[in-house]
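Structures for review follow.
Here come two complexes built around chain A, the first alongside chain B, the second alongside chain C.
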Partner chain A sequence: MSAVTEPRTTRSVWGRWWVRVLLALLLLSAVADIANTPDLLSRGAVSASLRFAVPIVLAGLGGLWAERCGVINIGLEGMMIIGTWMGAWAGFQWSPWVGVLAAVAGGAVFGAFHALMTVSFGVDQAVSGIAINVAALGLGRFLSSIFFEGQPGGGISQSPHVGQIGNVSVPGLAEALDPIASLETPVISDIAEIVIGVTTGVSLLTILAAALVFLSWWVLFRTSFGLRLRACGENPAAADSLGVNPNRMRYAALTVSGALAGLGGAFLVTVASSIYREGQVAGRGFIGLATVIFGNWMPGRLTIGALLFGFTDALRTRQETTMTALLIVGAVVFAFLTVRAIRARNRGATFAYAIAAVGLGWWFLGFGVVPSEFVGFAPHLTTLLVLSLAHQRIRPPQGIGVPYRRSEAN
Partner chain B sequence: METRIERVLLQLIAPVVAIFFAALLAAAILHFTGADAGSVLGEVVAFGTTPASLVAVVNKATTFYLAGIAGAIGFRMLLFNIGIDGQYRLAVFFAAVVGASVSLPPVLHVTLIIVVAMAVGAGWAALAGYIKVTRGVSEVISTIMLNAVATGIIAYLLAPGRLAERAAGSNNIRTTPIPPSGWFPGFEVAGKEVFGFTLVAAALGIGFWILLNRTRFGFELRASGLSLRAAAVSGVNSKRMIFVTMVMSGAMAGLVGIPQLLGSSHQYGLDFPAGFGFTGLAIAILGRNHPLGVAFGALLWAWLERSSQILDLLGVSREIVTIMQATIVLSVVVAYEVVRRVNVRRQQKLVGRSEHVGIENGATA
Partner chain C sequence: MPAPAIELRGITKRYPGVVANRDVNLRVESGTAHAVIGENGAGKSTLMNILYGMVVPDEGEILVEGTPIPMSSPADAIAAGIGMVHQHFKLADNLTVLENVILGDEPTGRAGRIDFEAARARIVELGDHYRIPIDPEALVADLSVGNRQRGEIITVLYRGARVLILDEPTSVLVPQEVDELLKNLRRLTGEGLTVIFISHKLDEVLTVADEITVMRNARTVAHTRPAEITSRELAQLMVGSELPTPEPRTVEVRSEVGLRLESVSTRGSGHETSLSDIDLTVRSGEIVGIAGVEGNGQSELIETILGLTSPVAGRVLLGTEDVTEAATSIRRRLGLSYIPQDRHREALLLDATLWENRMLGHQMHPPINRGVWIDRKAARADTEQIVADSDVRTPSIEVLASALSGGNQQKLIVGREMAGEPRVLIAAHPTRGVDVGAQAAIWTRLSAVRRAGVAVLLISADLEELIGISDRILVILRGRFVGEFDPAAIGPEDLGAAMTGADAA
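Up next is the complex of A and B:
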């Protein structure tokens, strides 16, 4: 499994990120017009997508930290559950910010526990993660029965009301951009709507999450600590021979991983809602794991993946008709991928992408409706497609999932 | 040197220690929450050993056992079939739909339902197996995603006007009930009905053991599970093995819902139990992927779930049992590891001593 990175040739203009973003905007804006679904790029949809994406981003970052150090963290889901519970428990008694701190601490403890199990006791990484998920479910209910039952509004499956983390807006920007947004000029008005959506009523935790994306990138890829951490994910024995203790590194990485997942849980309690509810995490930890792969183990791309997932989530909960617009988007994207696969002479991918493009187009023309049940698994299906079709571009850390033991009886 | 009994005892130490540790932890939690741990545990054991409870345990354990075997088949090949949950739900759903839509003589009807369930489970797992061997996609991720897709497909099809109907007088939405010719007769023990499928599950466990230990395929499976590379070098087609193992695991997972479907509910509805995937994996881990060990794990798991029902009446949240189950799984794995390390050290000592003796003998001769 050695992926050879080809030497970069001079990039065409199509490779620039801003060109791609502009193209995507153009496509979405055109689709919103054709399918007559103005909600597709409205400020409401944008800020809702952001709200749905943040917990996934945080879970994804948690997965990234763990996997970059060579440990798969299937327990992310459980750590998020712990985060939601701790956030509510501390949040309803003191303040939402104390809740956030408690959630981070709770997640970190479980992350460290995952390290204790996998690094010190040699437990299989997936086994430990599964046990953490099972335990977190039980713990949430059990602790709720002790601490939440009897409180006003609380019960075995939900907490009392928790205060919300404050929102901030860039002052004056919405007012300044409103005229442009209401012009209904394609693309330009859409950009105005997006800017308004991103700058108005943004939760402080969202800003924190954005900062953490950057911070993760900086620590992992621009500091010597990050280099050592990644070395332990690629080849722990080699790192060890150079004086880096992989076991200690894995403890550190998993503690951070758990803390990030816990923060994701806190977001669900103090921003996305104002209550702890059982089943609130709803598989976001697993989606976070998927974004890690989707993002090729890089924080920036991982965030884009999470935003896509958040976007589909937001659309599903807003307006069913909007989803039909996504059929066209899907068809166009797959048509584009088909052309690229033809040029790359990848027959299997060409075939698969062409079927997807024709199928989605036919669906739009023939039915025009997407059942909301199908929208629910769109992110998962996309992950599967990306994984199985674009796999040659994906390069996981080489030491992932492999336990490391220092010259122990083995 | 080392007798067979010693080896078996060493294997048994780990689960015993794990259960003891989990019980201790549960007692400690009970104590801290202000309950009288001793009397609560006494009540739980008393309730869990009534004949009605024991029959319910056996029925539930049948389901768990099939899930555990499905997990164990994968584990033997170092595959993590996290998709058991999705495979089994999709399988039992389609089995219920097909079973209700045909009319056949009794034995044939049941057989058809079972075959459909196995085929659907195997097919769904085959997707994960296929992209694993052709594209190298980790089955852990792909099966998690396939679970979500299965949930969506069932949610779509399980709606009035599609493949389901609203049950009269309740909120439940369910498939049409299967006619009695498609029921699997049970047998009565102490006035309660035990699923007839329990016997089939036991037979499947024996079949799994024979397959593993008495066939060429089983040998290749175990060899690949120990070292994929070594097995490949000695001529085992590892890709084929991975794919076949995944399909077999999926076929077994397809059966997980069958005892309940054929034995008591006869339809698939919103109230059909779900979430056996992780349970199956946990039980497989507990039983060290051995058919007998898995049976023991399934019975223990089912017993804990059944006897915990009394806890609510005693004013204790029964979720303490979930915590206990997670503790058991983790501590049993830790205990196995500790036992393994101790064993390695002990054998090194034994070997060292025998060599020492050998040298001394040589010197005196």
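Up next is the complex of A and C:
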């Protein structure tokens, strides 16, 4: 069935995603041993990665829905900000779940606003998106001054305390796997740790996000609504000539896009922290947009990109020493790329990759420490590197960024 | 006699400044192949778009099998059993054939889930039945042009269309694909479907059509059958017989060469026909007309001369200078001017003022340019001059270009391109879509420029224009020059025949 959405090419076993994931796991497991940083694949690191990744996944899905329908949604960041504010506002008064609903609604309204601007008024998509980001910032501060100031713990830049969304665990699994995890057998124990990490104390919103990844794929690639939506992102004139109204589809796509971004904001307020704070979104909307490209406009791969970012982000906040392990990972990856570049007879790339591999290896052996100034930037750098290396065969929707106007003349 | 499959009565469609269809009547019998022919701009495409609900007519009615049907969108047309195969295919490249075919009419199961199996079976069945086989899983981007067209035809049949409209279906195909298509059309009418197709290739029309309707100047002017008419008579019907009296040519063509192309070939990009081994000389004080059906290499020719496309073989010379590898800005500095065919896309910034538009293409030359600065005062003064000289009707040079009518926009462009004493002028469809007054003014300007010793290359689809003002006419067909004519000695019907390749030139 995947042939319907994927070009049919015979791929070697190395090209399969699960083989790659397994290889990456092997590499990380080995590195954790060599660099003596057990925290690299601990259950704590895993569940922290999830917590960092979920808002980016949701922002990414928001970007995916918009771009698959042909509209670039730079306003994701702003819609997430609205989500955080609405989540906190409704969350502290009633309950965190009401906060989640309010965040989704707020995001959806701004998504629909983006559609109004770009589809109905013909405003440039980037301009409208940036305007939404700026407006959301100001709006958050303004509304906080009205609703949060004077409340216990609230102020112009933060909200009162908001309750948390509940966690769930798979009962008994952690206890059952604990012996294996403490065996300290490479790979096996690591897998046990990872399984414990993703089954213990998982937020209900995380589960919802995972479901939304699948649901997005199903709706976009298996339903007639999704086909129409994607057709409007590829060739709106073609869709129009077959009786599908591109403008209406874009309204729908952007409303969903905004709702997903709003949900991402709600996660920040009700799971990742328990408060709305100015600057809390911190560029996650933009990172989400980047994961759309990284994921080649496919929900599953987008999620892998978000998890990668979440993983490096989580390491950063846990133990700075763990970052040094990433030096080895980087060195190995670049060594692999060097070999590939040699085989492809690409002299420039060979040279660049070799320098990177040797440089990272030398740094690890010589210093063994990543400068702390650099640590905070590591997730972005990792994403940037992976993004630039994964650029092959990227196929964006063809109608992306192009406003559609029904022309009478032809 | 059964009711005709399609009948159009008194269709009129006006656009600002132009009437695209004027009291058009068309009657298409069921189970026939009906050709609608006419020159560019005769109103064929508008008529087909009206029939497919993409354009709503101002007057007139559409009858499908004797019943008047209100058409306000393609969905109405589809519901009435009318389907359209567009000239520029309306397919999404990144989707598969299957996805394109079922789009908007998907077989769905529970919760809107698409039943891919049923869709695939249906497409294969249609392909077998009409013998138009196609791989439903293929990505449209990977298909040849002929296969894309098959995809469009299947898309239309999938919706249960009984009437197929094909807009210039053969213009993008290679000869073998044309044969295949014509065979397929015969098969469709054999199955009782009705086919309406637009064309200006007379030989094809005469082979495949059962009936022919000719359009000219937004009207239907004749209805005939292939057995009753020759291609020469058809060409005559298409272009009409009235012709302007060619003004006497009093200017001697000088010997110096303004523009020369020597054995130029281009690679051709996508749908565009490439040039093969083109030789062309335009002397100072001469207007050379290029006649041809659109898409036979005219755009490539223009782009090669301007330097937007590099030829794979041959040389381009401006005067005595070899500019084959030169940038467009250098060519312009050497005195090359260009009146583009699509003034909104290429010639003007619609949201900029007239004097700002005046600077385009001259931004590196005096009087506009002074070192690194733009001389705004000089640009304004110069624009005032052009507006006065070219009789551009405008309240001021500060208004936006979009505020002007088409004719006045074009007069401004012509004035701009005449400024700075050009040596070579490329005029592509200089009077397309402008009113009669502006047309006459532009023709006068072109003649004046010739008198001043400029070498003019006129690319046009307007045969009257070509015959009226050219000194020589070259006919371009499939990227080659296939004939040279003396405008004083040729009628439009001969020219039309040569253009369509119906007649050996």
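We take it that the second predicted complex is superposed on the first by the 371 of 410 C-alpha atoms of A that agree within 3 Å, B and C clash if a C-alpha of one lies under 4 Å from a C-alpha of the other, contacts with A are read in each partner's own complex, and residues count from 1 in each chain.
As a working rule, a contact is a pair of C-beta atoms (placed from the backbone, for glycine too) under 8 Å apart; a residue touches a chain by one contact, two chains touch by 3 or more.
All figures in this text were calculated on a predicted structure; none of them were measured in a lab.
Asker: Touch test for A:176: chain B only (first), chain C only (second), both, or neither?
Answerer: In the superposed model, A:176 contacts neither chain B nor chain C.
Asker: Given the touch rule stated above, what does A:124 touch, chain B (first), chain C (second), both, or neither?
Answerer: First partner only, chain B.
Asker: Kindly classify A:74 by the partners it touches after superposition: chain B alone (first), chain C alone (second), both, or neither?
Answerer: The answer is first: A:74 touches chain B but not chain C.
Asker: Compare chain B and chain C by how many residues of chain A each one touches, and report the one with more.
Answerer: The partner with more contacted residues on chain A is B.
Asker: Just checking: does A:134 make contact with chain B only, chain C only, both, or neither of them? Give me first, second, both or neither.
Answerer: In the superposed model, A:134 contacts chain B only, not chain C.
Asker: Figure out whether A:21 sits in contact with chain B (first) or chain C (second), or with both, or with neither.
Answerer: A:21 contacts neither chain B nor chain C.
Asker: Once the structures are superposed on A, label A:207 by its partner contacts, choosing first (chain B), second (chain C), both or neither.
Answerer: In the superposition, A:207 contacts neither chain B nor chain C.
Asker: For A:283, select first, second, both or neither according to whether it touches chain B, chain C, the two together, or no partner.
Answerer: A:283: touches chain B, not chain C.
Asker: Once the shared chain is lined up, is A:374 touching chain B (first), chain C (second), both, or neither of them?
Answerer: A:374: touches chain B, not chain C.
Asker: Looking at chain A, which of its residues have contacts with both chain B and chain C?
Answerer: Shared contact residues on chain A: 1, 408-410.
Asker: Per the contact definition, I'd like the list of chain A residues that touch chain B in the complex.
Answerer: 1, 72, 74, 117, 121-124, 126-128, 130-135, 137-139, 141-142, 145-146, 156, 283, 286, 289-290, 293, 371, 373-374, 376-377, 380-381, 383-384, 387-389, 391, 408-410
Asker: Flag every residue of chain A that touches chain C in the complex, lowest number first.
Answerer: Per the touch definition, chain A meets chain C at residues 1, 3-4, 7-8, 222-225, 227-228, 230-231, 234-235, 237-244, 395, 397-398, 408-410.
Asker: Which residues, counting only chain B, touch chain A once they are in their complex?
Answerer: Residues 29, 33, 80, 82, 131, 134-137, 140-142, 144-146, 148-149, 151-153, 155-156, 278, 281-282, 285, 317, 319-323, 325-327, 329-330, 333-334, 337-338, 341, 344-345, 348 of chain B touch chain A in their complex.
Asker: Flag every residue of chain C that touches chain A in the complex, lowest number first.
Answerer: Contact set of chain C toward chain A: 15, 45, 49, 52, 54-55, 73-75, 78, 84, 86, 89-96, 98-100, 102-106, 108, 111-114, 116, 137, 139, 142, 155.
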